[in-house]
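Listed next: structures, encoded as structure tokens.
In the two complexes below, chain A is the common chain; its partner is chain B in one and chain C in the other.
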Partner chain A sequence: MSELIMILVGGVKIGSIYALAALGIVVIHKATRVVNFAQGGLVLLGAYGAYVFIVEMRWPYWMAYVVIPAIVGCVAVLIEIVVLRRMRRGDLFPVVIATIFLGIALSEGYRLSTRAEILSVPSFVSTMPFVIGSVVISPEQLWVTFGALLAAAAGIAIFQHGRVGRSMRAMASNVRGAQLCGYSIDRVYGMTWFLGGALAGYAGVFTAPVRGVSSELAIATVAAAFVAAVIGGFDSLIGAVAGGLILGVSETLAAAYISSAMKSAISFLLLFVVLAIRPQGLFAPKKVRSV
Partner chain B sequence: MRESKISKCASLKRLFAASLLAAITVGGTFIANSARAEDGVTDNEILIGALGPLTGATAFVGGPARDGLQLGFEKINAQGGINGRKIKFIFEQAFSPAESVAAAKKLVEDHKVFVLILASGSTGAAAAADYVRASGIPTYNIVGGTPIIRNPFAKNVFHGAITDASKSAESLAELVKDKLKAPRSVGVLAGTYAFPQAELKGVQAHLKGIADKIDLEQFDQGARDYTSQLLAFKKQDAGAVVMLGSFSEAGFAIKQASEMGLSNLVWVLAGTAATDGIIPIISPNIPRDVWSYSFTPFLPGQKAPTMDEFNALWTKRYGAPPAGRPNLYDMIGYGSAFVLAQALNKTGPNLTRDRLIAVWSTLQDAKPSNLGGIDVTYPESFSETDHQGNKVRGQAHIVNGAWVVVPNTNH
Partner chain C sequence: MFNVARHRPLFIALAPLLSVVAVVGLGAAVDSYWQYVLGMSLSAMLVGSALVMLTGYARCITLATGSIMAIGAYASAILTVKSGMPFAAAVIAGAIMGGAGGFLMALPSVRFRSHNLAMVTLVFQEVVIILLREWKSVTGGAEGLNVPAPHLFGVTISNDFIFLIVLAVGTSVGLLPLSILLQGAFGKNLRAMACSEVAARAYGINVKRNLIAAFTISSFAIALASALMAPRLRIIDPDSFGILPSIFALAYPIVGGTTSIWGGILGGGLLRAMPEILRPIADYIELGEALLVIGIVLFLPGGIIELFNRLHKIVTRGHFVKAGKLPDFISSERPPERGKLCSGENVAWAARIEELSVRYGALKAVDQVSLNVRQGTIHGLMGANGAGKTTLFNAVSGFIKPSGGSISVFGEALDGLLIEDRIRLGVTRTFQNVAIFSGLTCLENVKIGLGRNDIGTALARSVHGTFDTIRAREESETAMRALHSVGLSAYAYVRSELLSLGNQRRLELARAIVSNPKLLLLDEPVSGVAEEEVSKIHELLRRINRDHGITMLIVEHNIGFLASLCDRLTVLNHGRVVAEGEPKATVSLPLVRDIYFGEALVA
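Then we have the complex of A and B:
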């Protein structure tokens, strides 16, 4: 039993990071209908920012949680304004393709600029474990899990209840109608990308001590985040979080009780099952009626 | 009369066309034969090609090996080159097995290199093995431990600093025997990709006579989470873990083990993990017993005049080193450049592939200082039946935050 608890704790930790990254993808998709494949690159930017902030500049750790997401959010807005805004006026397909290449550009740009194989970031909290019965849990596991879920909850609260979120929901519901109500597409899209980028930044800061900073982080994150978003539903914020947690726990359980090779395979298996049974996602909101 | 003139004209035209065709055929054959006289060698240049990963999970091998080779060749060229010829060095990126084969073919068939260097680790070496054996091109496998490139034996394939995986496996088992008291319960944590799998069989075989219990767990390349594997070792009450993977994989496994209360384990790491890149990952709680073997007389972060000299040379050429550089593969690339240069030098000015292979097979005690380099690799010796250049492995241990080669532990 203690082994199962420790496996679940480990899975939830990984899943929380997936959830945060997936939430950023879903936020942007809900408001703009764009699937942002550059989310992994933004997470990498956040992780690298954490390294520079904490290791190179030796600034207070807590500030990384405040400053880095804001910086990554600004970068995301810049991407929207400089690259995607013009393309958006036509078809959505080129916009999605552009995000794929932006993601590659971010990870390759990182790789060419640092030349280091992997950069290590110390943990925010002590790594010495504490024992409850026969269950061993580390403070880092708890911090990453609760911190990431708290950031996700804040992102959902902003989207669901904030004034800014109202404009995003209006755009998500009906672009023309939202414009008629006085919302500016450019402004709302900019704020959406900022929120999505900030969530990626948080994911990066949380992931840096757990996985290190390397160019592979981008593709690993976007693949997992995408699967989590599909599992939860691209139109559901809660679904994105749940999808991330389900994916993280499934991977860890599969590695523990089937084989380590199943860890990668389980994500694709889950994807196929969800697409086959409920393609809109497990937590997709019910349609009241179709018009 | 007129008809006769026309037919004479037509005959002359036909004769001219036939002569032109013959001339083109003969000339083309001559040119082709001349080009095949010896690919990659001109009066002024020897063309050497290498392949290895510059991206992906094993980029820590290919990029540094390339830089080390470049550093060595530049030193040799600065001293006048090889018998009046300068070395021209080209590098092809190759991470996956398919890319490795394609890069080998491109270097040999398109670029027409004189010598091919495999700086790709076991994955690329294994993939290119059949091709290089069939092509007959002198091939220098400098960082691949896989037995696939070694068996069957090929007279054109030579192996450098990194020894056969089976020998390395023996060293790992010896470390377990040396550092862990009986009864020995040992966990083996192995990557599912080429190099760890190449060592795994040998490790399991050698551990059978040493360990009372062996538990094998595996992980995918680039893994960062080892919860399930470490729990299995905890359940088994393992006293030591033999880790077959890269330094980053080993680093995160060790870090996570500490977080899970497994702080008294003896860690025995494959040689690929004995690099200072692991130190920041496992700091600040570096376990007392982290051991490995070394293919070189020093390790990158070790305090020694030789390493100071090498680091200064590297920094002068490439600038301020990023974290984890120069690493083991920078050193191996550098040392290998001098070994190859000595083989080329000994072959003499009449440079052909067959002569190079014959001479290389008799090379003894080839080390960088023989040609003015820094001895960051062990001397390499070859024979007609034994093409493994380096046969030495020393014990390596983390002391005061850096890997050091423990003196008098070579075998």
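Then we have the complex of A and C:
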């Protein structure tokens, strides 16, 4: 029993990081209709940023939580301005291709600039673990879980309730209409990419001490985040978070009770089952037909 | 006498093999290491061409190329080692298993599009790699598998040049069918589907079956390429077929060009050889390739092949007729005789719609409508926005399932019939927003209208087209006649998206009449068309009705146009029939004037 609890806590921790990454994908897709396969590259950038800040420059840890999401957000805005803005009117196909290869470019850029197999980043909190009966939970686990979920909640709040979010939701429901109401596409898309990038940056900072920084992180993260987003319905913010948690927990359970090979298989199995049974995702927003 | 112009399709189909010959020729001049590099390029050329079919034409983003290559390589290697199968047979068997893998992957994938489809292919990719790693007794697990040097006619091939020739033969075996299918009817159908699924289905193209075929055929070719190359790699392991190789294979058609097989040949050949040519900076190759793809997508969407096309256009500029200078409409000429289509039949009603209802949630878009269209007539349908006209059309053509009532056409009930099958009963429609297949020429658009688009027929037609058989020529002539009768014969070889809106509507008509319709559903045939074009289309529809004996049901907001064109007019309001009768009289009914002009309020 206590083993199961510890496994679940570990699963939720991984899951909340997936949730953050997936949330960024969903936010960007909702407001700009871009399917962002470069999200994994942005998460890697955030994780590497954490390494540079904390290990190389020896700045205080908390600054990483403040500065890195902003930097990754700016990189995302740059991607929007330099690459995707030019393809706005075209169909989605080249956009998907472009984001796939943007992700590759980011992870290759990282690989070439460090040439290290894996970089490790210390934990934010390293006090003694809590022991309740035979259950051992480290404060680090709690911090990553609650920190990541808090960041996700903030992202959702901005999108659903903030003034900035209103413009994004307006774009999501009707681009022309939003423009007529005085929202500038360029600005709203820029802000959306900043938000999506910042969420990726947070995912990176939280994931760095957990998994270390390596170029495989980009593809591994983007695959997991996409699975989470698709499970959740791809256009549902809550769905992305729930999808991330479901994925994290099932991966950890599979690794613990079946085999390590099942760890990666389970996510695809999950995706496959959801797409086969409920292709619109578990948390798909109800479609209201306008006549 | 050998007529070059007549055999043009054959030359175009065979031309890709010249690139294989060129690579072998180059191989004769270089040392054994570069012969090995050229071999890899050959294999990548075949992979690239296969991806032109799947990614370029059918627009499916696949992330499973690596796994299909793995199936081809592993299957052929295991069959050679464990069952002692001869090299050639093992390669073919590997290719077939790759094709079967593609088929399996396609079955669940084709329900999805865009990123969801990509994700399902990613599932397939990962599952195959996990199987290769875990099924150690057969695949050797993560350490990989030794592939023996190939034996051919009892001789072991150890010379790189001879291996290159073997590869060239194998590659040609894969390239030729791809080339024939891509330039033929099958390729046209894939592009039509990618352009407008709705219109493609209305002309009998079954989207799912075509996508499954595209997945299967391209996977066969990819597995073939990989099975051929496997012995030269000596050791194959799961890592060399992972997700990264899949993504970089996706770059082949994008960099080379997605609009013809040459894009795949060029992209595959160049990108595979690049790391060897640029050895000193080999570490930066992946980054360079990723940036190259982004650059191509942004600045040269047609791929490198586009540069050649531009060059070709500059060189041959004088031979092209500017579209703007072509004659607009040959109204004085008589259309070709085609005979009355419905002459021998006794059924008086072309369409009988009884008590038809269609609901969207709580809204009744069409509410117990009964409508009879007399054979040989032009029947008009009018009503304000939201009156249910297009919904009615969608129900007749099968895009919407009615919630009640029945529809029969020429005495045959349509209930439960697939969209793709209705065209065979003689029901053809046009679309409110023109749904031509851009990227294809006008002639190719009309040929799709012929409706011979079952998957098997389309594959056979591709072969017919290549050898320019009598059947293929008949098709071209029928399509040309249809283009001529709508006055577009001068535009036959012009890409359809370059036409004016009026001409695009006319093209839709040509595509519709060539399908031998008995009942033609026209959804706003003159909406958005310039004033002077309206009268021409009016005249054209009349002629189509008289000369071809085609019954028409027309929705139109231009009341003057409709009233003067049709023989009978039905008025819909809020999903119900409110008036029906002789057009002029119907239009002047107070009730109708009220609905349309709000006259009751004014008075």
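Operating definition for what follows: the second predicted complex is superposed on the first by the 285 of 291 C-alpha atoms of A that agree within 3 Å, B and C clash if a C-alpha of one lies under 4 Å from a C-alpha of the other, contacts with A are read in each partner's own complex, and residues count from 1 in each chain.
One rule holds in what follows: a residue touches a chain if its C-beta (ideal position, glycine included) is under 8 Å from a C-beta of that chain, and two chains touch if they have at least 3 such contacts.
The structure displayed is predicted, hence computed values, not measured ones.
Q: With both structures lined up on chain A, is it a clash or a fit for chain B and chain C?
A: On the superposed model, which is not a single observed complex, chain B and chain C clash.
Q: Between chain B (first) and chain C (second), which, if any, makes contact with A:P129: first, second, both or neither?
A: first
Q: Considering only the touch criterion stated at the top, classify A:I100 as touching first (chain B), second (chain C), both, or neither.
A: Once the two structures are laid over each other on A, A:I100 reaches chain C alone.
Q: A:A255 in the overlay: touching chain B, chain C, both, or neither? Say first, second, both or neither.
A: first
Q: Is A:S16 touching anything from chain B or chain C once the two structures are fitted on A? First, second, both or neither.
A: neither
Q: Examine A:G212 and indicate which partner it touches, taking first as chain B and second as chain C; both and neither are also allowed.
A: first
Q: If we overlay the two complexes on their shared chain A, which of chain B and chain C does A:F268 touch? Say first, second, both or neither.
A: In the superposition, A:F268 contacts chain C only.
Q: Go through the superposed model and pick first if A:S236 touches only chain B, second if only chain C, both, or neither.
A: Neither partner.
Q: Just checking: does A:V83 make contact with chain B only, chain C only, both, or neither of them? Give me first, second, both or neither.
A: Only chain C; A:V83 stays clear of chain B.
Q: Give one of first, second, both or neither to describe whether A:L119 is in contact with chain B, with chain C, with both, or with none.
A: First partner only.
Q: So the two structures are superposed on chain A. Out of 94-102, 184-192, 256-264 or 382-390, which stretch of chain B collides with chain C?
A: 94-102
Q: Common interface residues of chain A with chain B and chain C?
A: Residues 261, 264 of chain A touch both chain B and chain C.
Q: Residue numbers of chain B touching chain A in their complex, please.
A: Residues in contact with chain A: 55-57, 59-60, 63, 192, 217-220, 222-225, 227-229, 231-232, 235, 247-248, 251-252, 255, 258-261, 277, 280-281, 283-285, 322-325, 327.
Q: What does chain C use to touch chain A in their complex?
A: 59, 61, 108, 111-112, 114-116, 118-120, 122-123, 126-127, 130, 133-134, 243-244, 247, 250-251, 254, 283-284, 286-287, 289-291, 293-294, 297-298, 301, 360-361, 363, 365, 386
Q: Going by the contact rule set out above, which residues of chain A touch chain C in the complex?
A: Touching chain C from chain A are residues 35, 37, 83, 86-87, 90, 92-94, 96-98, 100-102, 104-105, 108-109, 112, 219, 223, 226-227, 230, 234, 261, 264-265, 268, 271-272, 275-276, 279, 289, 291.
Q: Which of the residues in chain A come into contact with chain B in the complex?
A: Interface residues on the chain A side: 3, 6-7, 10-11, 14, 111, 114-120, 122, 127-129, 131, 136, 138, 140-141, 210-212, 214-216, 220, 251-252, 255-257, 259-261, 263-264.
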